[in-house]
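For reference, chains read A, B, C and D in written order, and residue numbers begin at 1 within each chain.
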Amino acid sequence: MPIRILVTGGTFDKEYDELTGRLYFLETHVPEMLRRGRCRLDVALETVMMIDSLDLNDEGRKTIVRRAAECAERAIVITHGTDTMVQTGRALAEAALDGKTIVLTGAMVPYAFGSSDGLFNLGSALSFVQILPPGVYVAMNGQHFPWDGVRKNTATGVFEAR
Amino acid sequence: MPIRILVTGGTFDKEYDELTGRLYFLETHVPEMLRRGRCRLDVALETVMMIDSLDLNDEGRKTIVRRAAECAERAIVITHGTDTMVQTGRALAEAALDGKTIVLTGAMVPYAFGSSDGLFNLGSALSFVQILPPGVYVAMNGQHFPWDGVRKNTATGVFEAR
Amino acid sequence: MPIRILVTGGTFDKEYDELTGRLYFLETHVPEMLRRGRCRLDVALETVMMIDSLDLNDEGRKTIVRRAAECAERAIVITHGTDTMVQTGRALAEAALDGKTIVLTGAMVPYAFGSSDGLFNLGSALSFVQILPPGVYVAMNGQHFPWDGVRKNTATGVFEAR
Amino acid sequence: MPIRILVTGGTFDKEYDELTGRLYFLETHVPEMLRRGRCRLDVALETVMMIDSLDLNDEGRKTIVRRAAECAERAIVITHGTDTMVQTGRALAEAALDGKTIVLTGAMVPYAFGSSDGLFNLGSALSFVQILPPGVYVAMNGQHFPWDGVRKNTATGVFEAR
């Protein structure tokens, strides 16, 4: 089953700038993560943007939705900042992309920092997207939720049913 | 959904003995991996054995099957050496554990070695086990296979359909 | 030879706060680093403060100088933020701590981030402090400099002779 | 001060072969380690051999001694397996390379395995070699010893004075 991964940035892909001490975006780590996971899925990877999801506006969300609509694959994983993952889920659901299974995932710690949950979440999202029925989902913490049945608990950093 | 993880050892959990230069088993890394994945699933963890799967005999397989049969959970992930994962899959299938979804997974590189695929595979196996119908499966390389539809290609280290 | 390590914070010891996405200080990683380096030196470790060296004021520098003056050891390594390492070197030199060899070191990337230079620098500083004559030095990039013969090139992040 | 690094293999540079589960040698990690340490020393790197030091015979030792004698640099770091580091130290000392400071170092855990002491030891050896007087030394565990004043305690893995 062909799978499209749309990269949008988020903590997942942040780097540490050793000159300024700030976090920034360079290139996505997803190809390296797929190699490390010895992934043998039929994956097409596309960097849509590299952005902190707190900086993602309506225009940006439209771009993500358009790429999810236009791509040929019916199984789509979107890497995304955790703070506004649910809003992007809503935008995708409102676009009514019939027949497509879309799974949003992210990370609490950048992959580049060693102690990241990113590899676990990527393995999880790529698995869910292969067998969940069409719809828009969030996969975090080993769990999956429909986009309108989840919220990020900002006090704990955990995604929970609502 | 309550999930049981049965730990049996395998490359997944091997350590480097710095005095002898050999690989050996100490304790399982699965709890640390679940913490790192910020896993919030309802997981019961049980170490059945810590063994290289090339050293696993019929007696050992019976022990694994018995623990899978006896546990209350209907979703079971088994961490296992990759070399004889399929044989254990057969033993589990022959035991006809009706109504249980069992996913075997492992790693090509020990989790303790940094570049391991283990965290990716664990995220994947825990996701598949939640929604695949009852049966016995192997989850490796981001893919899932029924136990009797897969083999490990020993030349490449990749699990492939047969 | 007994060595005193004075911990003052700096990039060396920063952590990533996964709830806010900011860097902060928790506890020093130096004990873990000494274990990882299988260090067998006679080391006494003391956390003087945990601070970004840009936030270090005269009062703070006096505290560091006082601890370096008061401790019994004649070999002292100070972990320190790189931005104002040279200023602290000056304060130590002005205090004229006769007979003491003091080596300031730090890191460009936090130890917790995996790709850090911290372990290399710590091994370097602990080695220099054992054999350099009394004085105040900076050890970075595998090199050592007298405190008044070095500056941090803020464009490259490298310490160079001046 | 120009420094020559002679790479001879050892645990330092071992890799995990994921197809056989055995350790082997590919290419040295020293260049990557120097980059990670942001090393700015004037270093010339040369791979003399890639070998487990238990497999190193007289012929091999002669090759190492010859390269140490022939190179123009007067400061030489040799990465070496820990088991026979002292024997190679003897061979170097017997060659009476007047005016050269030679520091042997190694690791208890391969650099590729994440928890390695290699980066600490490399930082240490490169520092010692810059300021120790001519002679042959072993640098391990943050310490330095003359080649004839040290042995590896095989029960603890620690180098200690004798």
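Methods note: contacts are C-beta pairs under 8 Å (C-beta built on N, C-alpha and C of every residue); 3 or more make two chains touch, one makes a residue touch a chain.
No experiment lies behind these values; they were computed from the predicted model shown.
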Next item on the list: Quick one: point me to the chain whose Cα centre is farthest from that of subunit B.
Entry: C
Check: Between subunit C and subunit D, what is the gap in Å from one C-alpha centre to the other?
Finding: 26
Next item on the list: Please report how many Å separate the Cα centroid of subunit A from that of subunit C, as a whole number.
Entry: 39
Margin query: Report the inter-centroid distance (CA atoms only) between subunit B and subunit C in whole Å.
Written below: 45
Check: What are the residues of subunit C that contact at least two other chains?
Finding: 108, 115, 157
Check: Think of each chain as a node with edges to the chains it touches; is that a line, ring, star, complete or other?
Finding: ring
Check: Which two-chain combinations touch?
Finding: A-B, A-C, B-D, C-D
Notebook entry, point to check: For subunit B, which residues count as touching subunit A in their complex?
Noted result: 33-34, 36-41, 108, 115-117, 119-128, 130-132, 139-144, 157-160
Next item on the list: Could you pull out which subunit D residues touch subunit B in their complex?
Entry: 11, 16, 18-19, 21, 23, 108-110, 112-115, 154-157
